[in-house]
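Shared between the two complexes below is subunit A, which pairs with subunit B and subunit C, respectively.
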Partner chain A sequence: MSTTLLEEVPPPRLTPIEGVKEGLQRRWARPGGRAYAVLRWTGATVFAVIVLGLVVSLLASSSQAFGHSGLSFLWSGTYNATKDIYPTGIFIIGTLITTAVAIILAVPIGVGTAAFLSELAPKWLAGPLSVLIDLIAAVPSIVVGLWGLLVLSPVFARHVEPFLKKIPGLEWFFHGPAYGPSMLLAGTVLAVMILPTIVALSRTALQGVANEDREAARALGATRWQVVRTAVVPGARTGIEAAVILAMGRALGETIAVAMVIGNNNALPHSLLAPGATLGSAIINNFGEANPGLDRSSIIGLVVVLLAITALVNVGGQLLLRRRLRAEGAVA
Partner chain B sequence: MTIEITSNVETSPGGSPGQSTPGASPSPTAAVSLRGVNVSFGKHRVVRDVNLDLVRNRVTALVGPSGCGKTTILRAINRLHDDSGGKVTGQVLVGDLDVYARDTQAELVRSRVGMVFQRPNPFPTMSIFDNVVAGLRLNGVRSKTVLREAAESALHHAALWDLVKDRLHSPAVRLSGGQQQRLCIARALAVEPEVLLMDEPCSALDPIATAKIEELITHLATDVTIGLVTHNMFQATRVSDYTAFFLLGDDRATGELVEYGDTKTIFESPHDPRTRAYVSGEVG
Partner chain C sequence: MLCLGAVALVAAACSSTPTAVKKKVHKTSTSSTTTSTTAAPAGATTTTAAAAPTTAPPAAHTATTTAPKATTACSTTGGALSATCDTQSPSFKLAGAGANSIQPFFTRVFYYYNQADKGVSVNYSPAGSSVGVTDIQQNTVNFGDSEIPIKTPATGTAGNILQVPVDLGGVAISYNLPGVGAGLKLDGPTLAGIYLGKITKWNDAAIAALNPGTNLPSTTIVPVRRADSSGPGYDLDQYLIDTGGAQWTGSAAGTAASTKWPITNVGIGEQLNTGVAGFIQQTAGAIGYVEYAYSLQASFTNAALKNAAGSFVKPSQSAIAAAGAQAANLSAANFNIVNGPGAATYPLANFSWTLIYQKQANTTLGVVLGKLFDWVTTTGQQQAAALGYSPLPANVSALAHQTLLTLQNAAGQALFSS
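Here is the complex of A and B:
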């Protein structure tokens, strides 16, 4: 009896295309479904057009430089008649080093601050303090740059850099004259600028850790610090890594503040105390005076390289995070 | 079963087996003893004047309707209220350790009193092995041999060893809910506590997993004193030796201990009419 009942209504066999079509028609027919579909497709299209347009126009404007030097542009840039060669490789190295310095300084301080705000600080302190940190994010980068140049730079030249040079074992990193403006100072200024991002996002990640996990550690006899270390920070690891990746994106692309404190020297830096240049600082220092033609084209070539690096870091970071989440079983 | 303390005693006005005044030294058979314990959050007193002993190497069930302070009392024993703003007055003794004495550190209490929570809460980023030895590592144990032996012993105790011995280093969250709960029990046992507090350990589990945990509780009670909060009357009769019945007091806001005695008495011939009404299913 029951078998006939089951056989009575065979499911309609549709080809995949028919299935999609039918789904679309059904959604289209639903009230509100139409408005939502239009909104969704418009949004997606606008974004795609903006990104594609940006990439296409940049590639077109830099095609002359790439055509002139080919892939060797990625290292040695294009010869420029009136000025020096733009040494792309040196800018890339400068960008990576300043970003690394910023991350090395900002991640421990930022995650530590976030852990303090989320786990240890009393409420009356945590509130105002996090507002204050968020305010740093609102300071325009030109102001941070000026502060770095006028306040931080003399302190670095007189105290910080001479002190670092005296640390045994680190001579390779810190040698040469202490000017003030340097890779190190640029990295430090960048660290200040990415700190609010790291603190705010890490704090959200830490607060998202289930209270059960904290109590699990507490009930095992963990001290407050041990609770943070064993249960809270590991639980928020993925969120903290996302914060670092976002902050890295900002540090790679930051321009004006870096240009003000890095010393703008188009030579391979021999130590962190040496002045240098990054892709961003080189672009802003040279674009205004670039002659139309090959000169300007090669600077836009630098923009393309910068864009490629930030895109790589972001996409690579996202892939890493996704793999981590999958390994933890959070994403199917 | 120790007969001399099984005669049930009404706790309201003050006293548990063999005791007459709050604050007196506990009976030698008590692994945990509470004397005149109150817990409040802000102005709200959640539970008042509890006098209760957890008899050594026995299971004591804390039963009663929701919101009458069972879990609150349980969490007062290992000072878990310290971090959630609860204020505990009265005296709690774990062995001879005065839990709320000025110079007693909460961490010390918690390393002697293990706890298992409602929902299985293994550390989600850790492997099975790392979860089991987490408590030992927190106490500074580093020797790999010691950790491995402790993990194996604890997992044996939690009836989980055969199931996980080949994948000790895979993530703990891959285990099923019931297995995760047994892992949490193993984690609590690994530090060799005198007392194990269990806060509705089966409430998130299916009947089969529940049966396994109940069997485990009965086995464990030969080595460790167990305080078990449960909503399940049948569970209390199945696994506990003693039962403490909690109910909201006359103000309908503050929980209190109505009756304490051996489980058989509480469920078959309770003294207090409120207990009788509750265990017979008339109210609750």
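Here is the complex of A and C:
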């Protein structure tokens, strides 16, 4: 018996009206598909042009500064006749320290809150609580900065910082005069700002873990905490790491909130309680006054450095995630 | 400071008085109000008005009738600067940006002008002198204001910029030292030492030598400065260059005063006068420079600075007026009155300069601007003293008037004749 291929099956007989309708649909599908492809490519091209245009214009405006100091701009900044030096190296270190403090504070609290919201909280609590946390993201940066300066700073100066100085073993981190505005305060304010991102994305990741994993852990005798620790969180690790990378991108680029609480002191901070400066705060403080020419070009050079660091963090994070996903895919 | 801010917010919302509110850090707006009383407004709370405000230019609008008086149209040129023109149709919303230090004065003076002439309302954004200069040079605002005039010749995208002195203010060196009253004596070398990080304790020998009778605590000094560029910073920098000695001029500070504070690795930097004032208020041992009007509002203890004649003078309206009286040949090119002569002179004083284009593309707008600032520099000066500024001396008022007379329309014809 010969096997019949699909192509050999004759098409069903259509009434004339149906035949016309089908002919029209086939006719529209082709240009419709083409129109959709055009739209798709236009959107992608416009977006790419905007981003590339931004990068190219920034590089062009900062070329004078880089030409003047060469690669040493990255650590010692620019020196010009009026002694306007922007110590880029200090700003980069400040940016990394404040971001690190923010991540150290926000990730445990954020992932813990997300785990609570997705696994342990009753329904009547989880909804309103997650709305409240998302509201933090809606507060404008300058309001958070003002709150940090007017409310948190005195609390830090009078209670938190003296307390931290007394903890034995942590003197290397916490020593020296503490007036309130400091790397620690800036890191705390940043942590408050990135918390909603981490909570929202981690919660989605945790909810995405298959129920079978939870049930399997339960079946093996795990307690609730052990289920979360051994089955749920490891399963959601990729999502949580993506959340952390996104939050880090926000913390790196924050300007006005940091500028209000970091003390704007262009010296290497000797402890977390010392004031400092970050790329964002330096840019916002100096851009208004920058004289056109080498001055303004140096500030845009700072912008380029910040952009490069943010891009590195994001791209590096994406690569790490992709490698992890591929590994997980291969194993699973 | 939060309570002050909250009370000020409520007071402003309820009674629309222009007592300088510290609610907004960057923007403030004084738009037309609904009350049309010409008496002193109810609830002029914290400050006593220097004099009952006169309804400004003659032939003012009556409170209730809408029938317009016989005033000329604002597009008619060649009139007097002090005459009124019909600003009700169309009404004018002017936008300005510039120095943070003049904000209390501008808020009050624009409110009173709006009371006298309902058709003109002004929105002033006190984001800083350099923002004001950039904005007017790029012609994105109707007027700018800067504590330091633009280097002459002042030009922007729309041509020549006129620089009109509108205000005389001072910079207070405020400190927060529990147990020590106001009037602590400081001079150039000690202030330079403090801001260079060399003098670190309040009971340092240099400070004690200037204040023999005072019991100084051993608190650490926390110097606060402006993180953004500022007119008060320029004044203090100029004073330290003049009197601070080689330790200041030989350091990164150099010999040319700059609106950007030169020594940025000592002390804490805060944004705007409100940021510096807030930090001084909440930190024991802090010392910083703020516009005198802000220190008056916050009831700070201010230092008595050594002036060029050798006497120690605290900032006050009379001392600032004495500094302004020394400005014999004031002009945009010769604007510096820091460390001026005179026994009663306060050394840190400066005029504030409004920036408007000489050639006004829109004649009507040019006429309105000219009349507004002529009012501000004459009748409006009555509002200055209550806030901590000093009224302009007669010669400076005349200079403002002369400068405004050079306003031209797009064709180059003078807008005013007298």
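Please note the rule applied: the second predicted complex is superposed on the first by the 294 of 332 C-alpha atoms of A that agree within 3 Å, B and C clash if a C-alpha of one lies under 4 Å from a C-alpha of the other, contacts with A are read in each partner's own complex, and residues count from 1 in each chain.
In the analysis below, a contact is a pair of C-beta atoms (placed from the backbone, for glycine too) under 8 Å apart; a residue touches a chain by one contact, two chains touch by 3 or more.
Remember, it's a predicted structure, so these values are computed and weren't measured experimentally.
Asks: Just from the overlay, do subunit B and subunit C fit on subunit A, or is there a clash?
Replies: With subunit A aligned, subunit B clears subunit C, so fit.
Asks: I'd like to know which partner A:L325 touches here: subunit B for first, subunit C for second, both or neither.
Replies: neither
Asks: Looking only at contacts as defined up top, I'd like to know whether subunit B or subunit C touches more of subunit A.
Replies: C
Asks: Just to be sure I read the superposition right, which of the two partners does A:S153 touch: subunit B = first, subunit C = second, or both, or neither?
Replies: It touches subunit C, and subunit B stays clear.
Asks: Touching A:V315, do we find subunit B (first), subunit C (second), both, or neither?
Replies: Neither partner.
Asks: Counting only touches as set out at the top, which of subunit B and subunit C does A:A216 meet: first, second, both, neither?
Replies: In the superposed model, A:A216 contacts subunit B only, not subunit C.
Asks: Just subunit B (first), just subunit C (second), both, or neither: which does A:L125 touch?
Replies: neither
Asks: Rounded to whole Å, what minimum CA distance do you find between subunit B and subunit C in the overlaid structures?
Replies: Superposed on chain A, the two chains' closest C-alpha atoms are separated by 49 Å.
Asks: Need the overlap of the two footprints on subunit A, from subunit B and from subunit C, as residue ranges.
Replies: none
Asks: Okay, in this complex, where on subunit C does subunit A touch?
Replies: Subunit C residues touching subunit A: 1-2, 25-26, 127-128, 130-131, 134, 220, 222, 227-229, 252, 254, 256, 258-260, 262, 264-271, 275, 278-279, 282-283, 286.
Asks: For the complex, give me every residue of subunit A touching subunit C.
Replies: Subunit A reaches subunit C through residues 82-84, 142, 146, 149-151, 153-154, 157, 177, 179-181, 259-260, 263-267, 275, 281, 285-286, 288-289.
Asks: For subunit B, which residues count as touching subunit A in their complex?
Replies: Residues 78, 80, 83, 107-108, 110-111, 114-115, 117, 119, 121-126, 134-135, 137-139, 171, 173-174, 184, 187-188, 191 of subunit B touch subunit A in their complex.
Asks: Residue numbers of subunit A touching subunit B in their complex, please.
Replies: Within the complex, subunit A touches subunit B at residues 210, 212-223, 226, 230-231, 234-235, 237, 327-329.
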